[in-house]
Each structure stands twice: as C-alpha cells, then as structure tokens.
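As structure tokens, here come the structures.
In what comes next, subunit A is part of two complexes: it sits with subunit B in the first one and with subunit C in the second one.
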Partner chain A sequence: MRLDPIAAPSPARALGLPALAILATIALAAALAAIAGANPLETFGLIVKGAVGSKFATLETLNRATPLIFTGLAVAVAFRARLWNIGAEAQLYAGALMTVVIGTQLGLPGPLAIPLMALGAIVAGALVLLGPVLLKTRLGVDEVVTTLLLNFIMALFISYLLEGPLKDPMGMGWPKSPALPRDARLPRIVEGLRLHWGFALALICAAGVWVMQTRTTLGYEIRAVGQNQQAARFAGIPVGRVLIKTALISGGLAALAGFSEVAGLKGNLTSDLSPDFGYTGIIVAMLALLHPLGVVVSALFVAGIFVGADSMSRAADVPTYIADILLAAALLFMVLAILLTRYRVVRG
Partner chain B sequence: MTAQDTAQGETVLRLSGITKRFGALTANDAISFSLAKGEVVALLGENGAGKTTLMNILFGHYTADEGSVEVFGQALPPGQPGAALAAGVGMVHQHFTLADNMTVLENVLLGTGSLWSPGLGKPAARRRLQALAEDFGLVVDPDARVAELSVGERQRVEILKALYRDARILILDEPTAVLTPQEADALFLTLRKMVAQGLSVIFISHKLHEVMAISSRVLVLRHGKLVGEVATRDTDRHQLATLMVGAEITAPAPAEARPGAVLMRLDRVSTQPRGNRPGLDAVDLDIKAGQILGLAGVSGNGQGALADLISGLDAPASGTLEIAGHPVSGWNPRSALHSGIGRIPEDRHRTGTVADFTLTENAVLESYRDAPNARAGWMDWSAARSKTEAIIAKYDVRCPGPEARIRLLSGGNMQKLILGRVLEAAPRIILANQPVRGLDIGAVTYVQEQLIAARDAGAAVLLISEDLDEILTLSDVIRVISDGRLSPEFARGEKTPAELGQWMAGQGFDHAA
Partner chain C sequence: MTEIVDILISASFWAAVLRIASPLIFATMGELICERAGVLNLGIEGIMVIGAFAGWMTVYAGLGLWTGVAVAMLAGMAFGALHGVLTVPFGLSQHVVGLGITLLATASAYYAYRLALPEVTNPPRIEPFQPLHIPGLSDLPWLGEALFSQTALTWAAFACVAVVSLVLYRTPLGLALRAAGENPHAVEAQGLSVGAIRMGAVIVGSGLMAVGGAFLTMSAFSSFFFEMVNGRGWICIALVVFGAWKPGKALLGALLFAGFDALQVRLQQTGMGQVVPYQVFLMIPYLLSILALILMSRRAHVPAALMTPFNRGER
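After this line comes the complex of A and B, so read on.
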C-alpha cells in the first residue's frame, strides 16, 4: 500500500469527501446516542434546537464562539508558518490577567481603560509565546513541548495570584480577582442582549488576518516559511524573524480571547475562565483548514455543538460528553478526508 | 528484430508486455525484450523515459499492471524482491543501499544467513568474497567500514553483494553518475570480466559514449515505450541520440569568450565542514565577467559548500569573499541577491520553488519586497502576475497559467521559471548549480543556451556540474574540486577528460595546503 499524490483533485473528490466525513461523524454520534438509550434523531434535534433554536440559544452560541474565534485564529496563524503553538491556553490567561490588572489596579476611566486593557492583553500574550519561539529559532528547542508546558505553568501562576496578591478581598474566600468596574466592561452590541462587542472584535480580527495573509508581504513570508522553509531561506526570507513576528501575532490573538471573556462576559478572573478554549482552538483551526474566515465558521460550529449538547443533556438522558466525541470524530474524519483528497491509496 | 537474432546464447531473462501506470502517467507501455547469457544490454533513455520503473518491476519493487517477467524460463512472482534475488537477479541502485557503520564483509553478509546462525560463518565468507573480488577485479578491503570508503569503492561493494548472492543477471542503474572517468573505465573492465564468465548485465544510462563502449545491444526507451532495439556495432551516437530524443539534436557550441573584469573573488576561503561532507579548504577563485567557469568534480567534494557560500546560505569561516572588489560582510541570501548574484539552485523542488505556491508566488520569491511587486509592505499581485506572464512568455514555460500551482509543472518548465526569475533580475554573477540535471534534452539545450547568452551579455557564470561532458561543452575555463580544494584553472581544451578525471580523484593537489 502506498499513497500517490493527486495533482488536481476533481470537484467530486474535493467536496464529496468532506461531506462524507460529516456524514460519518453524524453516523458515529447517532450510534453512540442509541447506545446511551436515546433516539438518535431526537438527540440531534435537541442539539440543533439547543444551539440555534431560539434567540437566547443563538446568542449563547455566538458568545461561546467568540473566544474560539480568537484562539482558532491564533492557532491558524501559527500553524500556517509551521509554528506549532499548542499554548493558546496560556496566552489566553496571560491576556485575561493583564486585562484584570489594568482594569482594576490603575483606576482609569472606561474609555481609556478598555483600549489599554486590550493592548496590554495583546502584549502579554505575545510575550508568553516569545520565549518558546526564541528558544526555537536560536537553539532549536521544539516549541510543541515548551508551549504545551507553559499552559500548566500559567495555570499554576494564575492559581497563585488568585489565592494571593490578586485575591478579591470582597470575594468571601473564593479564589477570584476583583471585578472590573462597570465602565471598564465591553458594552453589549444590542442593549439587553448578552452578546458583547468582543464578538465583533473577533470578526474584525478574522478579516484582518485574512487580509494580512493574502495581501501583505508578511503574510507571503509566513506562508512561504510554512510551506517550504528551505526554499524561503534560500530566497532571502529571514525565516527566524518571520517566525518571531508570527508568534507575536498568534500570542496576541489568543490573549484577546482572555480579554474578551473577562471584559465582555465574566468581569473578573477565575481559574476556570477557559474550559480549554486554547486547546479547542486547535480543533477549530484544523477544521477550518487554517483559513482565517473558515475559523469563524468552524468556531460557530464547534460552539453550537457545545451549547446544543449542554441543552440536549438537560432534556434527554445523554451525557454532554457526546459533544467532545462529536468534535473529536469530526476532526479525525475531516483530516482523513483531506488526506484522501490529496492522495490516492493504491496497492503495490 | 534483427538485433534479437544476433544475440547469441540462451535467453536468461524475458520481459513480456510490461505496462505500469502511475495515475494518468504510463511509465512503461507494453515493453518486451529478452536478455541472453553473456551479453551487456544497454537501456538508454532520457530522465523520465521509464528506465528505472522498468528495472524496479523486474526486481520486484513495483508490481506491473500488465505483463510478466521470466528468469531462466521461470515466471517471476510479481512484487517480491526476494524472489528476484533468489532467481539470480542482482541490482545496483543509483543510490547505494549500504549500512555505513558496518564493514564491507558485514554488508555483504547482511540478509544472506539466518539471524540465529552463530558467528555468521565469517572466515568462509571472507575467503569467498576475496575470491570473487580477485576474479572480477573488484578490489576492496573486506574489513574497512563502509563510511570510510570512496563512492567508487562503495559501488564495488554493491556489485560484490550481488555476486555473493550468486547473481547471474546484474542490473546497474546509472552506475557511472558518481564515478570519475578512471573509475568508470575500471567498472567497464569488471563488467567485461563478468560477461566473459557467462553473466548478463543490464546497463542503464543516458550517456551515449558509455553505451557505445560497453554494450553489445541497445534498447532505447522514450516516454515509456520501447522505440528502438539495435546492435551496438550497427549504430552510432548520432542515431542513438535521435532515437532517444525523437528528434535531431545539436549541442550548443559557444563562441569564444571575451572575459572581462573579476566580479567575484574568493581569497583563501574556508568554510565549516557539514556532516561528512567537506567544507571549502583555503579556496582561491576568480570569476570573470563574460566567462563561464565550469567546476568539475565527483559529487560530495565541496560543491555544496561553495554553492551555499555564493548563495549566501553560508559565510566564510576564514578568508575573504569579494564582490566587484569589495569584501562582503553580514553575508546572507538577501545580500547575495542585492550584490547582483543570480542563483539557480541544485534542487529545484526543495530549494528553488515552493511546491504549493502558484507560478506567480514562485516568480517573486526573491523580489516580493521590491517595487513593483510590493509597496510599503503590501503586495501588488497584479504587478507580480504581469511579471510572471512576461517570464512565461519569454522563457516558454508550458503551464496552465500564472495561477497554477508549480508542482503541476514538469522539471523542465519549473527550471525555465527559475531561470526566468534569475535572469530577469539582470544578475552580474550567475551561480548555476546542476542547472540541467534531470531535464529532457530539449530543456537542457534551452537552459544551456540561456546561460551562454547571459555570458555573452557580460555576466560571470559559475557552472557546477557532476557531468563532465556538460562542463566540457559549456565552460570557457575549468577548475576541479576535490575534498574541498580547487585545482588550478585550465583553459578550454587544455586537459583531456582523463586528465581532469585524475584531478577529480584527488591527484595533483598540493597536500601541504
């Protein structure tokens, strides 16, 4: 058995296989729902209804998608350059931390505080990824290991701060930071609805990344470094510097997820601010084939599944784990489908 | 089929109607031929004609879609290299398959005995190996580690490996590509001894003079089809070349060079060795305007180090590199480009192009930051596209269009795009590292003519090639590289190929250096 590359996949192959992947995912989830003793069709109906079945549900899905767009973009930008940033989680918390520190400790008026919080978050997230990328470009240290381990270091650091210096004196002993003042929070897009301006910022970032990748010299450099580092270096592209710039952008984007969650939704920092938004960002980016606009779509899809599964499990007796399984299966089938659009399996 | 009738002796190998397809490409199209005892049959064809595919089928690496292989009258089960070996077929690949960290004897024994037999019977094996080496003139120390052997010696080990397994049919895939002319002559002597003892040899090559020298019969492959079968004594190089290409060919014959000023000078430059490849060793080199300097040498003797240095990928560890009289500092690929150096890299797939980029994106790989391709960090894709369209038209790049991915192009068209990218930047110095390797003859001639035209327009050209014929055809002056050192400069026609071969083998260098 070997893989023969396909020079130009036919449209049937390019569209049919991903469609097949989606069907396979649904079939697998249906089987699992049946094993759990529920009616598969009903379960899917409940998931869809829970995700987009009402105004409230839809807004909840959009809210949940917001941090995933940021972390998905962060991963997509980095992976495009073959910089394997597994540490969006740590960068997210760095951004959230900086948001809270600037918002609660400096006592600035809101219109000044919010941009400064966002900027501080970007800088903090970028700095968190700067260390691993410098180790990679200078010493050849594998960034998968360093970025992954930084997630745990950051989680412990945040726990320490929440138990110590940053602990809310009015928090009745709970490990949480003081809350942002009212005027230092992101306003709602429509008054009275839960959706905040962080979502709009995420969409703007996605468009910005897309423009950056397709229309700027930096985007061209990033793609060249990712596709063929040897050719890029030969052609005079400063590979190390491009990787560092990529890391700063990626870290900054992931940190905006933290900023948006704290300033837009939660108002303070807790150690459970992110239910693995950083890691889920990897799935989001992969499902989007690293395309920045695709990230928006796949983040909405992933968020919909999570929100829908939450609501479904309350109505039917199927655990929410089905959301994790759906996502994992979707990712695996999609990766396989992409492989098979580009290669043909032949014998001998 | 008159040639078949003249082949004497029993038939040892018969291929019938072999067809092999890779996707849309038919690599072998209904190929049939037979091999007699005691003859050398040359398999001639351009790169991509299907020679290696055919031999891989014969040897069991690939399974043919149609057709069968018969060895000594027995059908060979498809897809089993073990069966071919057992039937007495041995193959020496272009890229050797030896374990570097083991001795010659251990390499020969690898895979011959059971894993569990104690001691491998080494004394007996050693006697047998030495007898074989003596019979066929394959001198090599059985206790030397393969890592310490020269390329020529490694090839002898490969042949011994096959003989030790009682091969009666030996397939040699481009065996002279890595040899000096002297080593090639020694190989031919060995092959003659082998056929005298009743072995049969299939000799794969695209070098006509070797085919004329060693074979008794020539099979010519073109685009996967067997287009000719002639007895060597009834043919000549011209007829073979025409058969191989399918058209009349004329080699470029450059006019007298008019050398100008020295544009690049290396003054006692040394570079760090890389792995087991030597770096440059106190090299002096002048490259003059309006002249092609050909660098001959056996693969892996420091050509890569010199090419990397001039490309800007490596900087001198000691000594100075001067461009137009000015020593360089902070040397990198970008400063090399800014100094007016055009670089045609050795590996167009991995170094020269980004496979999944479009032609346009590849065409601006070295100039994407400069106007008109970009302004203030913003790409101007329409300007880049018109530049690419101009290159496509001027250099006759056959492609679906400027937005096609470059990996869809053939090697020749890819090289034409690289050539266009380099020449359109009007370089004063051109580094052409193996510019025609793997191209079909039409593309070879085109690329060589463009290099000559650039020379005539005043560029200084450094041509690096492992093909001595190419060096002899194109170069105004020749230098030979061996183990990181450079020979003196020889004028066109000053040295015979044999004399250059001695330099390639490392003779004549001042060892005190």
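After this line comes the complex of A and C, so read on.
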C-alpha cells in the first residue's frame, strides 16, 4: 500500500474520520466493560455520573484537570518544536519541591511567598529540562531517553528528601514534607467551592501560550523549527537557541502543575503527589493536536474520564485501569484518523 | 575499597550480574532489531510489562513455564504488530505511537491483572524457572556458582545474541534488514519490500522485548506487581545506543550495566550504605544510562533511515 496526499479533504472526511476514532474508542470501552462482566451502557453511565453527575464530581474533575492543563501545555509547546519532552513528570516534581522549600523554609508572608513559590517552581522545572536540551543541541544526545530517565532519578531524589532533610518532624514517620502555612496557599476562586486559583492560572497559561504561538516571533520560530529544522536553519533561525527557549517554557509550565497541586490542593509534598500527570500530559496534548486552547478541553475530558472511572470502579466490578486503556487507544485512533484526513491509502 | 574487592570476588555477585543482565539482553536485542530496520520502538517499556504479565498469568493459570514464555512472546508480537501497522505503512510519528503503545500495553496488563485477581493485595507466586544443573560445570568450585547456576532463560538470552548477530551479519535476510534501516530505496530496487521487512523486524523485536519482561516474573521475582519493569525498557534503548547498534557491543553494555546494578545492591549492605542514602544507589542505573548516551551519541553510527517512514514511490 501507498499513501497519497489529498489536496483538499472534503468536510465529510475531515470530520467523519475523527468521529470514527471516537466511536472506535467507545466500542473498545464497551468490549472491555463486557469482558469484566458489566453492562457497557451502565458502565458508561457511571463514568459520566462520576465525572459530572454532581457539584462535587464536577469540581473534582476541574481539580484533576488543573495539573493536566499545565503538563498538557508543557508537552504541546515542546512537541510543536519537535522537542520530545517526556519528562514533564520530573519537571512537575521539581516545581513542587521548590514550592515547598520556599513556602516552608523562608518564613515569608503569604502575599510575598506565593508569587515567589510560583517563580521558583518555574525556574526549577526549566532547569530540569535545560540539561537534556543542552545535551541534545550540543552533543546530539536523544532527549527522549534522557528526559524519561530523569523522571526516575527525580522520583528517587524526592524520596530521599522526604525521608531525610525535608521530612516533616510532625509527620508520624510518614515520608512527607512539612505543610505550607495557611497564608502561603492558593485561595479558592469562590468561597465554599473546592476549586483553587491554580485552575484559573492554568487557563491564563493556556491563553498565554496561544498568544505566544500565534502573535510572537518566538512562536513563529518554534513552528519553523518543528516543521523542518534544516529549512529553519537555512532561513537564519538560531535553531539551538529556539529549542532552549522552548525547553525553558515547557519545563516551567510542567513545574507549575507541581506548584498548583502543592499550593492549591495538597498543601505538602509526598512522593505520590502526581499519579502520572506528566505522562498523561502527552495524551492531553496529542488529543488537542498540540493546540494550547484545545489542551484545556482535552484536559477536562481526560480528567473527567479518570475521575469518572475511579467512581465507576467503586460501584461496578470494572477495574479503574479501563480509563488508561481508553485514553491510550483514543490517542492511537486519533493520530491515525488525522493522518487519513490528509492522505488516501492506495493499493500498490 | 576492600569491600568492593570482596564483592567482586564473590561468586554470588557474578551470578547476579548474569541474572540482572538477562531481561535487558532480550529487550535490547528486540529494540536493536527494530532500530536496525529503521523503526524506533518506544513501546518497549509497555511491551515488557505485558510480557511480564502474560507469561506469569499463563503459569498461574496452570500451564507450563515454556508455554508462558510463548504466550508472553505472542502478546508482545501482537502489540508489536499494532506498532508496526501504525508506523510502517501509515508512517505515523514513531515517538507518539511508541509512547501510545507503552501506555496501552501497560494499562492492558494492569486491567487484566485486576480483572483476574480483584482483591489481591499480596501478589501470588508461581513456581519459576529453576537454575539448570550442568553436570561437571555446575559443580566446579566458585565458577560453578558464578557462571553455571543460571536458569534456562538466561542461557536463552545469550543464545539470542548469537542468533541475532548471525542473522544480521551472515544472512541475506539480515542484509536486507540492515539496508531497510540505512537505505530503503536500495532495498526496493532489489525488488524487496521495505514495509514487510520493517513490519517483521518490529513484530519479532517486540516478541523479544516481551520475553525480557517475562524473565522478570518467571525467572527473577516469581510474581507480577505494578511498576515492576521500572524503566528497564528505557534503559535498553540507551543500551542500543551504547552498543552502537551492534549486538555484541550491546551485550557487553548490558553486562556492564548489570554489573553496576549488582554492585550497588551489595554496596547498600556495606559501610557505605550507612552513610550514603539508598536512593543514591538506586539512581546509579539511570545515571549510568544517561552517561552511556552522552559518551556514545557522537561516536556511534546511527542507522541512516531510523525514524524515517518509507512511502513507496516518494523520493
């Protein structure tokens, strides 16, 4: 078989194929539920109810979406430049770590501490990605593997700190950091509703990334580097420097997920702060086709699936990992569908 | 220092090196085959998970150990086929598809495990592969324990390196496979199908990765638990680079790597372990992998068409 480009895809093709990908994902979900001995329709109902069925559920979904918007943006920004940052998990923890250190060790008043915590987090996350990107631009070391391996190194480093220098003396022996003082936490957007300003910050970042990508020279340069590095270099774009700037933005965004989780939700740092938010950010970004505003929508969708599946698995005998399968399958179906809107499969 | 020497002259250390290297050898050979044909397979981590689970589950269900290895291999090949279809004929991004396969395979293994054993907190054990007794050799003092107290799967791992080398460098098939990763147009000019070669390489390579995963549950730990693969797949990708895409050098890399891993476990028990936090020791494998990448990235010759999809008729 061979792929032939389609000059102008018909609307039926451009919309029908992604719709087909969604249908295929739903069919797979139904099959998985049936294998578990559950009624597929009931399972779907429970997932939707668990995600948006009540005020509590909806707020839970919004809270879960917050770190995913940050990590999704981090991945989207980097992938746009074909910088394969698979290390959002490590950058998230670097951000969370800096947040806790600044918030608990410096004794600053809240209004001063919070911006400093966010800034420190951004710097820490950016630095974590700076290493791999310098290795890539200077020595040609593939960043996929280095960023992946850094996730494991960072997890061990955090575990060491939580059992050693950063351990909460009042923690009854649990490996967790001391809690942030009350006034160093992100306030709730609306009093009485369990949703903090981290969510608003995530939306602001999404808008900011969108403006950066569409309205600035850097955005143009990032796109050019991502489309064709040789051509970008030929056009006089400093490819190395663009990649470094991209990495700093991407690492900083991922770190804000750690900042927002610690300062907005948890109040302290534990080694299970992130249930793979960094890796899930890849799915979020890909489902959004790397569009920063799309990231918000896809983060809400992905968070809804996770929150809904958690709640569903408590009611039905379907393991919560159904959510992970669905999202991975959705990712693969979707990239294939998008390809087929632009290319026609020809025999021979 | 004397502690390190004591460790290095103990037979159990060398036995551990071979044991730790075995899963890495299988998976590294699998990845190497894929990459020599021109396909980066980032599904490796998840394929190792599915292999670990499928092999273990088969034996837990009452079937034989070798049946378990075969089932693990088939499961790996199935995910390899999916990876192959998406990246070879469709030419989708090998990064995105590979990560997608890793997530899909890992989640599938966890889902199936929870389905089979809903309420288990202590992972059940199986009777794993036992060390093969080789008459004469296994009874040698020191050497018998150091080198000849391994399970059949470890021997299979070494045999696998020999087979992969032979096929790659001594057969027409190997030549075609290497050419598919270097100069696919030349392969087509010979009347061979680049697509078929690459598909075959990804499927067979993924089968080997899954056997590497199965080694963990069937020869090393005897039960399946979450996050047991723990980045070994990513380490194997670094080992392929370290081995300059050559099976023999990659084997050396895996052994060297396993040596450091076996050493760090033992150093934790010594005086050093009292001073240095254990997390530092556990970081060593990952730090070494990064170091290996840095050292070799410039020197090694990367297959020229690695990560370049081939669309027939396109120039």
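In the analysis below, the second predicted complex is superposed on the first by the 348 of 348 C-alpha atoms of A that agree within 3 Å, B and C clash if a C-alpha of one lies under 4 Å from a C-alpha of the other, contacts with A are read in each partner's own complex, and residues count from 1 in each chain.
Everything below uses one rule, namely that a residue touches a chain if its C-beta (ideal position, glycine included) is under 8 Å from a C-beta of that chain, and two chains touch if they have at least 3 such contacts.
Fair warning: this is a prediction, and the values are worked out from it, not measured in the lab.
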Per the contact definition in the header, classify A:Met172: touching subunit B only (first), subunit C only (second), both, or neither. neither
For subunit A, which side has the bigger count of touched residues, subunit B or subunit C? C
Would you sort A:Ile6 into first (subunit B), second (subunit C), both or neither based on which partner it touches? first
So, A:Ala231: does it touch subunit B (first), subunit C (second), both, or neither? first
Quick check for you: in the superposed arrangement, does A:Arg344 touch first (subunit B), second (subunit C), both or neither? first
So, does A:Thr217 touch the first partner subunit B, the second partner subunit C, both, or neither? first
In the overlaid three-chain picture, which partner chain does A:Val190 touch, first (subunit B) or second (subunit C), both, or neither? neither
Given the complex, residues on subunit A that touch subunit C span 1-3, 32, 35-36, 84, 86, 135, 139-142, 144-146, 148-153, 156-157, 159-160, 163-164, 279, 282-283, 286, 317, 319-322, 324-325, 327-329, 331-332, 335-336, 339
With touch defined as at the start, can you tell me which subunit B residues reach subunit A in the complex? 22-23, 62-63, 78-79, 311-313, 332-334, 336-337, 343, 345, 350-357, 361, 365-366, 368-369, 374, 377-379, 381, 407-408
Under the stated contact criterion, what part of subunit C meets subunit A in this complex? 42, 82, 86, 89-93, 95-97, 99-101, 103-104, 106-108, 110-111, 114-115, 118, 195, 230-231, 234-235, 237-238, 241, 277, 279-280, 282-283, 286-287, 289-290, 293-294, 297-298, 311-313
Subunit A residues touching subunit B in their complex are 4, 6-8, 215-221, 223-224, 227-228, 230-236, 238, 344, 347-348
